[in-house]
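Letters A, B, C and D mark the chains in the order given here, with residues in each chain numbered from 1 onward.
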Amino acid sequence: MKTETIVLNEERDVTLTTYIQPVGGRFDYIEKRPAIIILPGGGYQYLSAREAEPVAYPYLNAGYHVFILRYSIGKHATWPNPLNDFDEAISLIRSKADEWNVYEDKIAVIGFSAGGHLASAAATMAKNRPNAALLGYAVTGEDVKGCNSTAPDTSKYVDRNTCPCFIFATRTDALVPIENSVNFMSALTKAKIAYESHIYAYGPHGFSTCNTAVLNPSTIISDRVPHWVDDSIGWLKDVFGDFSNNGLTKPVCPRYSTFDYDEYLSLECTIAHLFKYYGTSKQLDEVLDEIRKSGGDTSAVGKMTLGALLGFARYDKNKIEELSNELKSIKNTL
Amino acid sequence: MKTETIVLNEERDVTLTTYIQPVGGRFDYIEKRPAIIILPGGGYQYLSAREAEPVAYPYLNAGYHVFILRYSIGKHATWPNPLNDFDEAISLIRSKADEWNVYEDKIAVIGFSAGGHLASAAATMAKNRPNAALLGYAVTGEDVKGCNSTAPDTSKYVDRNTCPCFIFATRTDALVPIENSVNFMSALTKAKIAYESHIYAYGPHGFSTCNTAVLNPSTIISDRVPHWVDDSIGWLKDVFGDFSNNGLTKPVCPRYSTFDYDEYLSLECTIAHLFKYYGTSKQLDEVLDEIRKSGGDTSAVGKMTLGALLGFARYDKNKIEELSNELKSIKNTL
Amino acid sequence: MKTETIVLNEERDVTLTTYIQPVGGRFDYIEKRPAIIILPGGGYQYLSAREAEPVAYPYLNAGYHVFILRYSIGKHATWPNPLNDFDEAISLIRSKADEWNVYEDKIAVIGFSAGGHLASAAATMAKNRPNAALLGYAVTGEDVKGCNSTAPDTSKYVDRNTCPCFIFATRTDALVPIENSVNFMSALTKAKIAYESHIYAYGPHGFSTCNTAVLNPSTIISDRVPHWVDDSIGWLKDVFGDFSNNGLTKPVCPRYSTFDYDEYLSLECTIAHLFKYYGTSKQLDEVLDEIRKSGGDTSAVGKMTLGALLGFARYDKNKIEELSNELKSIKNTL
Amino acid sequence: MKTETIVLNEERDVTLTTYIQPVGGRFDYIEKRPAIIILPGGGYQYLSAREAEPVAYPYLNAGYHVFILRYSIGKHATWPNPLNDFDEAISLIRSKADEWNVYEDKIAVIGFSAGGHLASAAATMAKNRPNAALLGYAVTGEDVKGCNSTAPDTSKYVDRNTCPCFIFATRTDALVPIENSVNFMSALTKAKIAYESHIYAYGPHGFSTCNTAVLNPSTIISDRVPHWVDDSIGWLKDVFGDFSNNGLTKPVCPRYSTFDYDEYLSLECTIAHLFKYYGTSKQLDEVLDEIRKSGGDTSAVGKMTLGALLGFARYDKNKIEELSNELKSIKNTL
């Protein structure tokens, strides 16, 4: 492992510390590695040591290159300085992809509290986007004004270009209300972006990896909270793929939780989306008419996929197959 | 274990199957047991065997009495028949608390899909409420009309009287869109009810306990999904307490995720709530004035607790203690 | 689930309680199920309720048919009565394999303490052997005389016909010394029978499934002990196979931890075994001569497989392949 | 984290690489840390990179200082060079305990394969002993001659001064036969040293931390094997204590799995040990006489503790208490 601290901005005291792991040799099936950038929290006023190096270890253990970005804080925290710091860091890493053996399209960011705000900004607003974002008890709404009055409500910027997200927090967080996580999830849901989320029943703000080496064991917190660490690694494998004899495996979890963004229509599109194509195909119209008639209220099933509804209703299998073929011939332009 | 099937309503074919465990004897430290009522899914059209007995085993293993309620379906599913079935079932169990050695205030309900709809209705609308509700890929919004046009959007009924909830689902559920779970969480958040939630990255509808004995192993689903079972048992211990030499231990997770409902004010109240008491106390006013001045936008910190903000701002400890005492003397009437 | 208690021997009060799970229907990919027979402990003087039904739940959850055998105890415990009870029980189950949808060659036995003694006797001495045996803090050596003076030291009966075993115990068991488990492992090792074992650092005798529903939570015991339950289920999948679309999958863990029992020789045979064939093949002799020369002391590597040694020594790959082919042509008769 | 490579012996190319973690500051409840020394395997011919840094990460994550010792190999591996290397390394760490903030009596060693041989030698033969030893698929018997003809069978050196051990291996290891682990356990059992062991059903030699970052995912190995990592951390907490507000907590797992080594006799002594004191006390004699009479064969219960036997036999509680007091007054000199 090669560790080095690179100064990104001397005036604002911005640094990137690298933990680069070897490839080849005894690791003969590993030619490159995915990477993760850690953004410690501290209310844009300081950078918590509890959310820096201790967070690196589980991802190093999982085979990731790790980078800790110490971004602009205090008087330098005026927006968009911190976001620019992120942009510069990820650009640097991608430019060194060959030298450091990094998969340049498999770079995640993880941030905690205010660092989680910056991670959510990276996911939604950065010029150079990460490929996945992990948000720990993150400030994402207007609440961010409480610690950085110039920083934006990032939940408003969630759109189709946002990367997949992994969200974790405790329900009883007294410093960053759980609304921050819930509203961000709602925004991701609306934009049909893939995500996973774990809201644990109770525990304070700032639990980091939640083991006894970073969190005073007298802390009252659910014993399920530490699971987020292993779960996040499992999730990264789902969205990036896992090591294999032949590079990373194909991801099992696609970027979008919808087929409404695909090039052609399919049974996997939502009913609401297919209704936009009413009038395009006799076969489709027929099914949609039936749904309208029987449902009484089509909005109730609009977010279901057509395939799921037809399956549930035990619709004629031959008709389903014909319809499937028909849909695959219609270009998705809306 | 005593198993018996009790007919609750012959006409509508409603039954309650009991799995009553022994107390005392070799279980000498156990005098009573908490209980859980299982509501299988099936779109109010049938009752899935995959979501009935296989769900009983982990809770029996955890020491719970288990009841499976086969509620009104098909032509009998007209609302409020299913809810009445639940009301009758839990009333029966509570009336037999002594005979069956049940803690009558520690009765949870778990429902899947349409059964999850009924569980959410039990949690928000029943005359006889459960003490905790577990909602698995539950239909809770208007989507329920798709399978039962007479059934209500239960998320609209969430209020201060709702019991703590445990929510789990997969992000890519094509039959019951994830909005159902997310919107119900938003409603719980607003009503300040305690909850825990796990939204897994991918997997189909209807996974039940998600082991190879209920789910065909060729199913494409995240390997984190089966964790909901153990996590739900851990959560039940948090909200009900766990077995001990002296009855159940005191729950570590309170019913409300707020102190805004307590009898007296405290530092643990949210700032928004305390602003309603502006003018009541000189000491409180002083702090609130400072927040208003410095914050520029108080709404940004309104959902934080006052204690958390003062701690973060490293406010004078003596002043905090004085203010704490002052608040404890003010009755909470709003 | 159909539960029924069948009297096997009225005079000795021997019964078999069945927990038969359904197949087909909503469990459409399941045609038959493996089974497990539970033998509670109690020093051959009583049968502990803590080691009976609570043990059934995790295996029911895993999809197994479960049977609890209440064998001969007290004045009826004279050997071989208990073993005969087991023989009768497993014969009955196998004779009903079609009716109950049991895989007749996938029947495990699990026993605790004295029940573990009986399970080890079943594995080594029964006329009708189980296909796998799970031994929990089992008495297997001469110590059994302490509670049943007529019962045999089963570790002496371990041989090539013994089924695969799963062994678990706590190091500090004050009632059944850990020697019982360690010596039984040594016997299995010598006989080259497959096994898995977990000896936990500390905890008392009699922990059963080690959750708060069977073990008073004030008990001082390692928090790793409860893992034996899930681990045992994983192990059963390894030796029996797991549910699939097409019956049980092929087991990944063979019965023997050796290839010395196979029909033909191979590189996977141990070096000691191959030395018995010295003089049979020029190619083999050549390699064995080299080992003798270089090793100085061949006994040091006798239990290694030839393939592992040649791999470690980076032996010529072509020569390895030729030797492999040669060995496969030599019948294993010793 | 401060990483540095210290040359211990230039001629033999022996180095100690340090990974020292900070204390105090944001880790305000941590004043010192326990430590672990890693000994990679490689048959005393090389040092495997797969068993060096990747092993450091989980222990860094657990809050430990980590040291990797690259000991004498190849032509320098003549015994006792490697053991001297270990002695020098642990002496250096203890001498720097104040500077590096190390608990000098909480230093573990972990070794793999040949490194496991060296770790077992450290535990049994070193001048400066570690406080705990973790042995991964370790060579401990005569088999070591296969890779280092000068190295000793360490299982013969296990005695009362050996530190607690954690043993893990796979049953089907074709390179280092499982006898190595089983025989070492037998030796520890005989010497009454505390240990924990996990022998997994199947998997090859050399699995290291057994995640996809060190082990090619196409490897056929039980999915329980990776558990050894977390289990080893739990075990270290049991024997060293865990972080708390007040230094490390008191260990819950004592060094010896016996009270036969205590200063005074007690009910927790084994019956065999107490028989050595026959004739010392009338009360004790009485109980021992009863055991002799009823047991017929006292050797069968010799390894049980007296307290466990009397408890099992439901002996008179007052008599037990009297006997307990009597025993506590007898000095243990044998």
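The definition used in the following text is that a residue touches a chain if its C-beta (ideal position, glycine included) is under 8 Å from a C-beta of that chain, and two chains touch if they have at least 3 such contacts.
Everything numeric here is computed off the predicted structure, so don't read it as measured data.
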| Intersection of contact partners for chain B and chain C | none
| message | Please report the minimal path length, in steps, between chain A and chain D on the chain touch graph. | response | 1
| If you average the CA atoms of chain B and of chain D, how far apart do the two points sit, in angstrom? | 45
| What whole-number Å value describes the gap between the mean CA coordinates of chain A and chain B? | 27
| field | Residues of chain A whose C-beta touches two or more other chains | value | none
| chain A-facing residues of chain B, complex | 43, 142-146, 149, 164, 171-172, 174-179, 182-183, 185-186, 189, 194-202, 205, 220, 222-224, 227, 231, 234-235, 238-239, 252-253, 257, 268, 270, 295-297, 299-301, 303-305, 307-309, 311-312
| said: Which stretch or stretches of chain B touch chain C in the complex? | reply: 1, 3, 21-22, 25-27, 29-30, 48-50, 53-54, 57-58, 60-63, 209, 211-214, 216-218, 237, 242-245
